[in-house]
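Both of the next two complexes hold chain A, though its partner changes from chain B to chain C.
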Partner chain A sequence: MTRGADLALVAVLLLAAAAALVFGGPAASPGEALAALSGSGSPEVRTIVLGLRLPRLALALVVGAALALAGAALQALLSNPLADPFLLGISGGGAAAATAAYVVLPAAALGVVPAAAMAGAAAATGLVWWMARGPLGPSSTRMILAGVAVNAATSAAILTMLALAPSPRLPGVIAVTMGSLASASLGQVGWLAPYVLVPAFVLLLHGRDLGLLATGEESAAALGVEVATVRRRVFLAAAALCGGAVAFAGVIGFVGLVTPHLCRLVWGGSTRRLLPRAALAGATLTVLGDLLARRVLAPAELPVGVVTALLGVPFFVALLRRSA
Partner chain B sequence: MTLLRASALSGGYGGDEVVHAVDLAVAEGECAAVLGPNGAGKSTLLRLLAGILPASSGNVELRGKSLLAWRRREVAREVGFVPQIVNLAFPLTVTEVVQQGRAPHLGPWRPPSPRDHAAVEAAIARVGLSDRSTVAVQRLSGGERQLVLLARALASEPRLLLLDEPTAALDVRHQLELAGILHQLVSEGVGAVLVAHDWNFALRLAQRLVVLHHGRVWAAGPPEDVMRPELFRDVFGVEVDILRRDDGPPMVLPRTLAKR
Partner chain C sequence: MIDQIGDGVPAGPIRRVVTLAPDVTELAFAVGAGHLVVAVPHAADFPPEAVGLPRVAPNDAEAVLALRPDLVLATTAGNDPRVVQRLRQLGTRVCSMDVTSFARLAGACRLAGEVLGLQAQGERLAREVEERSERATVRARVLPRRDALYVVWWEPLIVAAPGTFHDDLLRRAGLSNLVPGSAGRYPRVDPELLLSPRLEVAVVPDERDLREGFARAVGSPAGARLASGAVRVIWLAADIANRPGPRLPAALEALVAAREAAERRASGVVDPGSVPPPTPEKQTPTNQRRST
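Moving on to the complex of A and B:
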């Protein structure tokens, strides 16, 4: 059953990736896109497929995997099904810093927006950790409450800046706060790679520890987990994954929260089994979400974060009712 | 052989010391019960013994070597800790929960070997849940869940069990079942420290009693030495009848609140 579901997941991922390359605007029909992929076709179409759609697909894959992996790890770490990069204020911190950069900096300096997002996510992470600290280290409950507080503060900051932002900068701000993969380049993906690969390795390394932590700190410690070390590493890794995602794609909500829950329905609650599958499923969902974002109101484009939220909310409600 | 020895052990949370200068030893095939009123420091003492909570002073030796010199995973192979509750935020089957008990024997990447699977199956069989191994733990009764937690601790094949009020959620049938399993384990040479509120459950199993009051040892020794009406009056504030029996351990019958 697990093997079949694994194969199905990989198949859906490959199909979604192919669809993202083949289906797009009228500038390159599916037939022309296929021709371009096989090495023939006009140079214009090749540019569209390989120069625009391929980087966008690559960024969607990496960002989706990063967000879902971070969500699955944080849910286990805090033994809380609600935990995700968004709830913990990490995404909000990145988005607020990126928004500030958009609003304040001159046009020539907008290249530092991703760096600002990274720094904002890191600052929010540090703040949540500091607020949640206690005699025995940060507690799960305090961490989630601290995340809610940081999230509220960053939302207020973003809305204030939106109200004050000069109108030419609004599209950039909206791309950050609602998520967009429109400006993807292969250079960005290369830049993002270490921020995803290293933390992903750390999380997979601690997959078994995370499964134990999901049943509580005391019981994990009793089964040999170095709770303080693992918690610090996992939290930093999840923050790096999320900071990297926000830096290049803005806030794409619900992928980190919903993907692990969907995967648990299929593969059960074992965190070690869940992590790699959540990464693949998150990549798939984000690619599909971006495809819909591009196509639903074409030629206009929706922010991908809006689509993932529209898809995620009904799933989430269904999960909630199922558990009742 | 002495498995665990605590000497002048103190500890607590932050600056608050909850347990003060406790001495306690458990040998192979011996069960020591820790009793005392709510807030006496029983669960804290158990965490200190397991090394989950660092001691502020004093010392715990596991098989003659200071707990501080052991790696956490090595301790987890020797000591099975049965917490009062675990957080079940996500759906797991009985087998999946019991498999967690093998974690101290596994590396980060290595999947469980046939030897690991055998240990898990044996632990599930020991608590009598073999026919429920694929059921989600969330669907089990409180008593069955407690047995799952015991099986999880047994899966690592520990020499010593630390149990934190294992009967708190159990009906009388499950209590007797648990007592039978623990009795068997102790007779096979496993050592046990049992934190309990239920004197009669503790008396079924323990050769030695340790009574904590305000974090200090108030009385310790064999049940017949420890169990005096004055102890119940002074420590618990109750008057009891102690029924000595020929065919089993004594029983405690609480009568009334003691006059202050």
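Moving on to the complex of A and C:
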């Protein structure tokens, strides 16, 4: 059953990726896209499929996997089903810094917005860690409370900047805060993919420790887990994943929060095995969400976070009711 | 009297007018009521007589009330409808303009004249808007119809859809909007649309942010057809093209003139693909000043 579900997940991911390339946008028909993928077709359609749809697909895969992996790790680390990069203020920090850059910088300098987002996410991470510290290191409860406080502060900052932003800049600011994969390029993916590999590897490496931590700090320590070290590494790795995602795609909600729960409800099992499944499921959800965001009102685009929420919530509620 | 959003405007003498947007500021001056205007929004920069007037924040109902206006001129193109409604609830006489086409622009001119007690001037201005826009529309009828976008922002790509005065501007200039009306008035659209083989013309307001956004778009994969010149980019002076005010006919005239010049150039060469417009040219309207 579990193996079958794993295979089904991989199959859905591959189908979603193929659909994103073939049905992805308004400018090339599925037939033209298939021709371009097979090496024929006009140069214009090849540019559309390989120059626009492929980078967008790749970014959706990386961002979705990063967010879901970060969410799964944080939920296990903090033993809290509501923990995710948003609750902890990490996404908010990235979004606030990106918004500030968008509002303040001249248009010619907007290329540094991703760097600002990553710096903001890192600053929020440091702030949460600093606020949550105690004599025995930061506790789960204090980290969540500190995250809520940082999140509230960054939300206030974003709203203030939205109120004060010059009106021509508002569309860009809204795209940052609502999430979008529209500006994906192979250069971005080429930069982001190696960047997320290291923290993803750190999280997968600590899968067993996270499983033990999810049962409680004392029992985990009794079983040989170096709680403080694992907590620090996992938190920083999850924050790095989230910072990378926010930098290039803005704030895409829901994926980090609910994807791990979906995986738990489908597969159950250990945290160690949950992590790679969450990454695959997050990538799938984000690719499908972006595809629907582009197609439902084409050529208009919906915010991808709205669609991922609309896709995931009914499925999540159904599974929740069934498990109850 | 009923304004363009369907609310009643009580009759009465007008001595103090506050305008809440640049387009209605221009409208008040164009119908000859400039001497009645006591405050304008910060963005109002035309006509020159408006520049020296006191400024008011359009979203600050308290500041507007403090000016004791007999009439507030508002617009759906930028004013917060809650603030406008609040002013009305507090007993202020408010007239809201909702210009989504040249026909409604002429209606706004008549309404402004009527509300301000300057019916003849309002009627004259409305006729001028109608005649100039009709002349430009007739000129454009001989041009080949081409698919186009009116670009409001490059990244993310935001364009004007049917139901906006920008769409009417395209239509009257012989251009077909590539964006359907189902997407909302100013939807964010898939950047892939820039690579659609159907897209032949992009009309863009000429301002610094959009120029810099264009430079970035041209360097991106989505901007390949912009860079090659397959999509002709026509820049219109931003202050006339972005405001649904009495100078809007000048934007239409400039757009039609730019199209005529482009078609002449295209017909004069054997290979239309060799027409080299990767560096966009600014189209300056022959008459950017007041339409009165």
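The rule is short, and it goes like this: the second predicted complex is superposed on the first by the 308 of 324 C-alpha atoms of A that agree within 3 Å, B and C clash if a C-alpha of one lies under 4 Å from a C-alpha of the other, contacts with A are read in each partner's own complex, and residues count from 1 in each chain.
The criterion applied here is as follows: a residue touches a chain if its C-beta (ideal position, glycine included) is under 8 Å from a C-beta of that chain, and two chains touch if they have at least 3 such contacts.
Computed from a prediction, not measured in an experiment: that's the story for all the values here.
After overlaying the two complexes on the shared chain, residue contacts for A:Arg294 are found with chain C alone; chain B is out of touch. After overlaying the two complexes on the shared chain, residue contacts for A:Arg169 are found with chain C alone; chain B is out of touch. Of the two partner chains, chain C is the only one touched by A:Gly24; chain B is not. By the touch criterion stated above, A:Ser38 is placed in contact with neither chain B nor chain C.
Across the two superposed structures, the residue set of chain A contacted by chain B and also by chain C is empty. The touching residues of chain B, counted against chain A in their complex, run 13-15, 47, 50, 52, 72-77, 79, 81, 83, 85-93, 96-97, 100-101, 103-104, 106, 108-109, 156, 162. Listed in rising order, the residues of chain A touching chain C in the complex are 24-28, 44, 47-48, 51-53, 55, 106-108, 110-111, 167-169, 171-172, 175, 180, 182-183, 185, 294, 297-301. Those residues of chain C whose C-beta lies close enough to touch chain A in the complex are 78, 152-153, 155-158, 161, 178-180, 182-184, 187-197, 207-210, 212-213, 215-216, 220-222, 224-225.
Considering their complex, residues 75-76, 79-81, 134-136, 205-209, 211-212, 214-216, 218-219, 221-226, 264, 268-271 of chain A touch chain B.
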